[in-house]
Amino acid sequence: MSAALDLGFAVLDVDRERRQGVAEVVYAPGKTVPQIVAIAQALLERQEGPVLVSRIEPEDAARVGRSVRGWTHHPDARLLVWRARRPAADAIRLTVVAAGTADRPVAREAALVAGVLGARVREIHDVGVAGLHRLLARERELRAADVVVVVAGMEAALASAVAGLVAVPVIAVPTSVGYGAAFEGVTALLGMLSGCAAGVTVVNIDSGFTAALAAHRMSIALRGRR
Amino acid sequence: MSAALDLGFAVLDVDRERRQGVAEVVYAPGKTVPQIVAIAQALLERQEGPVLVSRIEPEDAARVGRSVRGWTHHPDARLLVWRARRPAADAIRLTVVAAGTADRPVAREAALVAGVLGARVREIHDVGVAGLHRLLARERELRAADVVVVVAGMEAALASAVAGLVAVPVIAVPTSVGYGAAFEGVTALLGMLSGCAAGVTVVNIDSGFTAALAAHRMSIALRGRR
Amino acid sequence: MSAALDLGFAVLDVDRERRQGVAEVVYAPGKTVPQIVAIAQALLERQEGPVLVSRIEPEDAARVGRSVRGWTHHPDARLLVWRARRPAADAIRLTVVAAGTADRPVAREAALVAGVLGARVREIHDVGVAGLHRLLARERELRAADVVVVVAGMEAALASAVAGLVAVPVIAVPTSVGYGAAFEGVTALLGMLSGCAAGVTVVNIDSGFTAALAAHRMSIALRGRR
Amino acid sequence: MSAALDLGFAVLDVDRERRQGVAEVVYAPGKTVPQIVAIAQALLERQEGPVLVSRIEPEDAARVGRSVRGWTHHPDARLLVWRARRPAADAIRLTVVAAGTADRPVAREAALVAGVLGARVREIHDVGVAGLHRLLARERELRAADVVVVVAGMEAALASAVAGLVAVPVIAVPTSVGYGAAFEGVTALLGMLSGCAAGVTVVNIDSGFTAALAAHRMSIALRGRR
Amino acid sequence: MSAALDLGFAVLDVDRERRQGVAEVVYAPGKTVPQIVAIAQALLERQEGPVLVSRIEPEDAARVGRSVRGWTHHPDARLLVWRARRPAADAIRLTVVAAGTADRPVAREAALVAGVLGARVREIHDVGVAGLHRLLARERELRAADVVVVVAGMEAALASAVAGLVAVPVIAVPTSVGYGAAFEGVTALLGMLSGCAAGVTVVNIDSGFTAALAAHRMSIALRGRR
Amino acid sequence: MSAALDLGFAVLDVDRERRQGVAEVVYAPGKTVPQIVAIAQALLERQEGPVLVSRIEPEDAARVGRSVRGWTHHPDARLLVWRARRPAADAIRLTVVAAGTADRPVAREAALVAGVLGARVREIHDVGVAGLHRLLARERELRAADVVVVVAGMEAALASAVAGLVAVPVIAVPTSVGYGAAFEGVTALLGMLSGCAAGVTVVNIDSGFTAALAAHRMSIALRGRR
Amino acid sequence: MSAALDLGFAVLDVDRERRQGVAEVVYAPGKTVPQIVAIAQALLERQEGPVLVSRIEPEDAARVGRSVRGWTHHPDARLLVWRARRPAADAIRLTVVAAGTADRPVAREAALVAGVLGARVREIHDVGVAGLHRLLARERELRAADVVVVVAGMEAALASAVAGLVAVPVIAVPTSVGYGAAFEGVTALLGMLSGCAAGVTVVNIDSGFTAALAAHRMSIALRGRR
Amino acid sequence: MSAALDLGFAVLDVDRERRQGVAEVVYAPGKTVPQIVAIAQALLERQEGPVLVSRIEPEDAARVGRSVRGWTHHPDARLLVWRARRPAADAIRLTVVAAGTADRPVAREAALVAGVLGARVREIHDVGVAGLHRLLARERELRAADVVVVVAGMEAALASAVAGLVAVPVIAVPTSVGYGAAFEGVTALLGMLSGCAAGVTVVNIDSGFTAALAAHRMSIALRGRR
């Protein structure tokens, strides 16, 4: 009946899946492989849905995979997954748009996490505003989505441009791509927050993960309304 | 057929209602009363839905109201409105939660703008985390919403606490409430961005308006799915 | 033979027109009306080209105008001018593009100062990236320019979008338009510096004046080459 | 009679135990193992109470331990100790509360240093505000303390929540846990300083050590009053 | 039985006195005189201990005083008080030390609020470290305290110097005194947080009020132990 | 007919040479050698002009060179080039001026990239303002240019000094040279933006590349006018 | 025998003249006219040398002057003085150099305070580095000084240029002149601290006063050595 | 007759010794050993006084020493020296005061460079203000100096305390000692700039070298006056 499970080095909130629709996600940095293994096993035993480890290095993923079966590893998104869901026919349609090649890992994290949680996901890459024709060529695909995640670094202009093209929710993810005045993503973050298109919301720098969870919250709201 | 209307001192995007589901909102600061009157009239003529002027001072609102009939003025939210929508029975249910008394104007702006655009809105005030019983007493009301807007200044802890209680989307609005290390809302903004609850999205400081528009985008997504 | 003229409260660099192609411009803030009058008179006597006072308030402009004849006053750009040049048929073609209504004063300063110094100037307003069709409708005009000045606040996405459309020099002017995370133009400045389009250069916040002088330097280079 | 002892590479304040109730603590970073050994020996000879080395790496701790006998090593708190005190029955009761797993090392440092100096210490882990039930389940334990140390990173909301539950002193320790907008603990620091609960005091980022010393100062005040 | 009292424009936490030992303090900025009057009356009716309004301007204090009897006004600390406590013989001894003349208002706020809540308070002014003899001449008085509040702006060196002289708790209050590189108190704040004396805790800029409440929390801990 | 070429890991904008006069430049950091090889080959096949890889480490350059023939490697500018243009007799004359020895790599990048694109380039090194005679000795060379790029770190005073000596465009490149208060180039950047000489434009920190592209845009404008 | 004089609202350090060679200087902002009068009278009675009030507004200066005879008022430096010293024939020779007209008030404060304390002072104005000939024309005067104070805002390049011309001490005073990226003097401050000329020292923004006192300390060192 | 010597990779200002009383000092970071050797040899041939390499790593120093004879290496100050001067009997007396053990390397750099250039230097270590008795015990030594260099990190309170004890010039050197809110020396820098003692000047973070050069400028001024 207790909602907290004490592993010695960490106390898990094993009630979260029931409360929030998704179990605690394991953030790998700072944890040892045995710790990740112990948490993953505990979650697999006590939760029913997907279990995810985020920001995990390839070698660590391999070592965890040897101890806990049934995983899928997505190295480009640094993601380790058990029990990925399959999107239902009426699942939320999420489009992830990324400005440049260097923004891909963050965009992939957003797309994969949302997919694992059950969304129907489409990805559009390399459509930065320095070549507007590339973005405009994808307008129809953008308009087909229920929610759009925009991933961009540097001045992050893509968020405003996309939000002007669609009427549905736009979640902006600033990335740490760029150098000098890009200040490790701070410029992109501030640009997205003060952008000129109405109704855009923003998450932390490089946090494709948070964008996916925000999209998942929308899918819960949608389901609750049918 | 032109989507742009040139008023001499400004060019209006009169196609926006069709494209985005809501007309351009007039941001009052920096505009003269005659300019606001001219824009409001042009929008009322060329758009069908609600027309809004935000951040308008009481005397200016009175002067605008004398020239353009049919307005409602909400001084606590500094908002002037024509043709407010009535929420349909199946409209989105939005709950706006505010931490303290000083956060009210921002919370009111979020609630009123969302309501004008057709949402069913509920407001909860003065439930800062320094007295957790106040927040927990409203848990049931929070869980009844399709989307929650959390308005808080200072350390903005309320966003994480609320996001742990509900599974639906949480839009966090940092406010410039506080002094010294609150840095005019920057601390609240950064706190909400790096908060410990998963899937929270954030808008600019004091921007109840952006939160309302983000909620409106969700209501468009919901409608599109039925 | 002395290149410096001591007015008691200031020493003028009366050699600058010869050296740089344009006389010292009088920056009004912090100077009294009698001081501005004295400097303007001294420059009119010792220089041959245009004389300009920038950032001057309307009442001060009126008072200066009473003492020094032959002026033109541009209140929207806070500019006072004597001996404006007329653009020659082969003068440089400058296009000034502004994102929003609030960016107009800065855009006007850039356009008027450049015009006074002899450029052929065109202005394009209200083409922010939240409505890309507005910008794309002006692509032909943009491509007709020898140099483009882009004026934008908030996330300043317009600079990258424009720079992707033209091959000629793009000078970006960030403005202090926006609130909260716009940080009085700092976000726009950093966004323009780290923008994704190649070869854009940037000037100080709200400095339409610097952009005009930079364009004038280009016109000198062009002339030197014929 | 001299209160300063010159070791060649450092001058020790060997009077501090008498003046402040606790000897100088050795901060390991930047010191060589022989230097740490020399300081520890000098302090053990000239002071009567506990001697501590903080932030020491495991290999250095092992090497120091080989030269200076009687130590205890706490690797999770990076702490090396000689002559730890045992808490008296009427010693101060300190509770250390930590928000997440990643905050443990800092919380452990606070708990262990305070314990070595004679406090009766209790630790509560993983009670971040994203799952308020976890915190509320520990309310009774919190209320049993004479002083509470709250350790949290990211938005550091835990400090306000705890301070609303207890009436005794609350010392808040921001940690560098988090990424992006967490800015290496700066967001947590500012959040704790501008928190909404009254009477909370704050120490430097990651400084469990300072919190323990502040608690020790309170225990001196308490003792002085009996 | 309800712990929250809704005044229409604000919801009071009327349970706080029982929970925390002191009622909610009314922060005047942003509130109208009628609002302050209503809150003060509500608190006087439902609480038993002192009622305080902080940061109140003289004219507002006079107007509030006309409606709610029994007040004392301390203009130098911008404080309005009802039902100030008298310190018991065994009350906590608090010494407030201020660096310079300009730090007085903040020091006075700390001293008066603590006194109203029942502490025995002593004040020491103008003992900045640029004249160390002034501080050293007061060493005996400093050592007689149970807790010391240090108030200083600019580089805030006084906190470290005082903390080296006493063994009891030191609460440091940075002030916004200074110009240029003092950055409105930020330099003092950072200096106090990274000071070289062990165990100092810090509160927000100019917040004499928070320091007084922190001292009050210590007095509660002391009382609980007897 | 498609302007975008999808390589799987990146989508190339192969229309850029036609639109902007120069192909996309490959920014090496974050790309693997096989990725760089693939992009370089694709560009060499589909573009006619020069192909460049910037910020490439020596070993990676060697490995790329083994797969794609016809390269030139400039290790001091971390640049790899195919099909460098030869400057025509009437090409733009660019002078690159650098303040100190540590600014050389950035200055070399600016000079080499501009040269590859067809400019006639001259370099002047070690003329920091702490020895003004060094700069003044080169005044004639400076005046012979059509455009000047100034590269400087620390306080970046050289930009203002040079801009006072020439009438043509001055593009300022701040460098990350310096320590402490130089803040990795931020001080130089801000100094150049707020410099006292009129009409200077600025690019991102260490971005010799952007300065070269800006100069190339000028050369396109010049050519368009003949 | 007491070195501290308590005026009720302030405690004066009346021993400072003996210890430091100059009495406490009265910083006017934040003090009432009666307070300034009381302090000035106390200092005139108990000190022998000059008495100064800095940063005083004209009307306040007039009111103080009516109560305390023998004053000189320098409105351009916001300075009120009693008992100014006359420079001895062998007094230190100080040259104050200012970059622009807007820097004059700060330069005047430095020059006048140093003069009142006994230095032989020369002033050079309007020699910003954007017109190097102006500075070089004054090289001989600069070389005649024992110490040079350089006053400049914006990018503050003048400090490095001057320090390259003289071998004696250079004290740099950044000013808040400029806008946007000048950040109220912060850019000038950082530029002077990280300047490329060796051995320059820096004082707080706009603090002509501190520079004068630093020069006075040098004059004490010089005198001590004869 | 040329004042500049071109080594290919750097242009030396070989006139500086004549102009400034000391040759260019070689800053080692970023230079190869052969480059340092070449510069040192060139300076030894063309200058008469001391030649210094600063911030050099031990192995590099050894390698340079093998090629250029007659050196002295000070590893604790990372300094390599040829032709150190011996202080004359009437040389300037410099006292370097350091707050803590971790400040030693910077203090040593200041002391050694000043000594090499001819000053009579005394060092005082470990006299931080957290133990004021340590500082006061050295008051007499401090008063015997012609100029004092104060080296301190963290809150840098030592500068104000020392400047209150002596009347001669005080040069403050902030160090990067500390963590968290010490911000790599920024807090110390700002504290020293806004300190409460009059007439202190400040140099860049960790720049013992600049302090030594500033002291050398004073010794030149002193010599010029005899």
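As written, the chains take the letters A, B, C, D, E, F, G and H, and residue 1 is the first residue of each chain.
By our rule, a residue touches a chain if its C-beta (ideal position, glycine included) is under 8 Å from a C-beta of that chain, and two chains touch if they have at least 3 such contacts.
Only a predicted model underlies this, so the values are computations on that prediction, with no experimental measurement involved.
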item	value
Maximum centroid distance from chain F, chain identifier (CA atoms)	E
Whole-Å separation of chain centres (CA-atom averages), chain A against chain E	45
For chain C paired with chain G, centre-to-centre distance based on mean C-alpha positions, whole Å	36
Whole-Å gap separating chain A and chain G, where each centre is the average of the chain's CA atoms	58
Sites on chain C at which at least two other chains make contact	19, 130-131, 164-165, 179-182, 189, 193-194, 198, 204
Interchain contacts (touch definition) - all pairs	A-B, A-C, A-D, A-F, B-C, B-D, B-E, C-F, C-G, D-E, D-H, E-G, E-H, F-G, F-H, G-H
Chain B partner contacts - residues on chain C that touch it in the complex	101-102, 104, 125-127, 130-131, 133-134, 137, 179-182
Chain G partner contacts - residues on chain F that touch it in the complex	99-100, 128-132, 135-136, 154-161, 163-165, 178-183, 186-187, 189-198
Contact footprint of chain A on chain F as seen in their complex	3-4, 9-13, 15-16, 30-31, 176, 185, 189, 204-207
Touching residues on chain G, where the partner in the complex is chain H	19-22, 25, 90, 146-147, 164-165, 167-171, 189, 193-194, 198-204, 209-214, 216-218, 220-222, 224-226
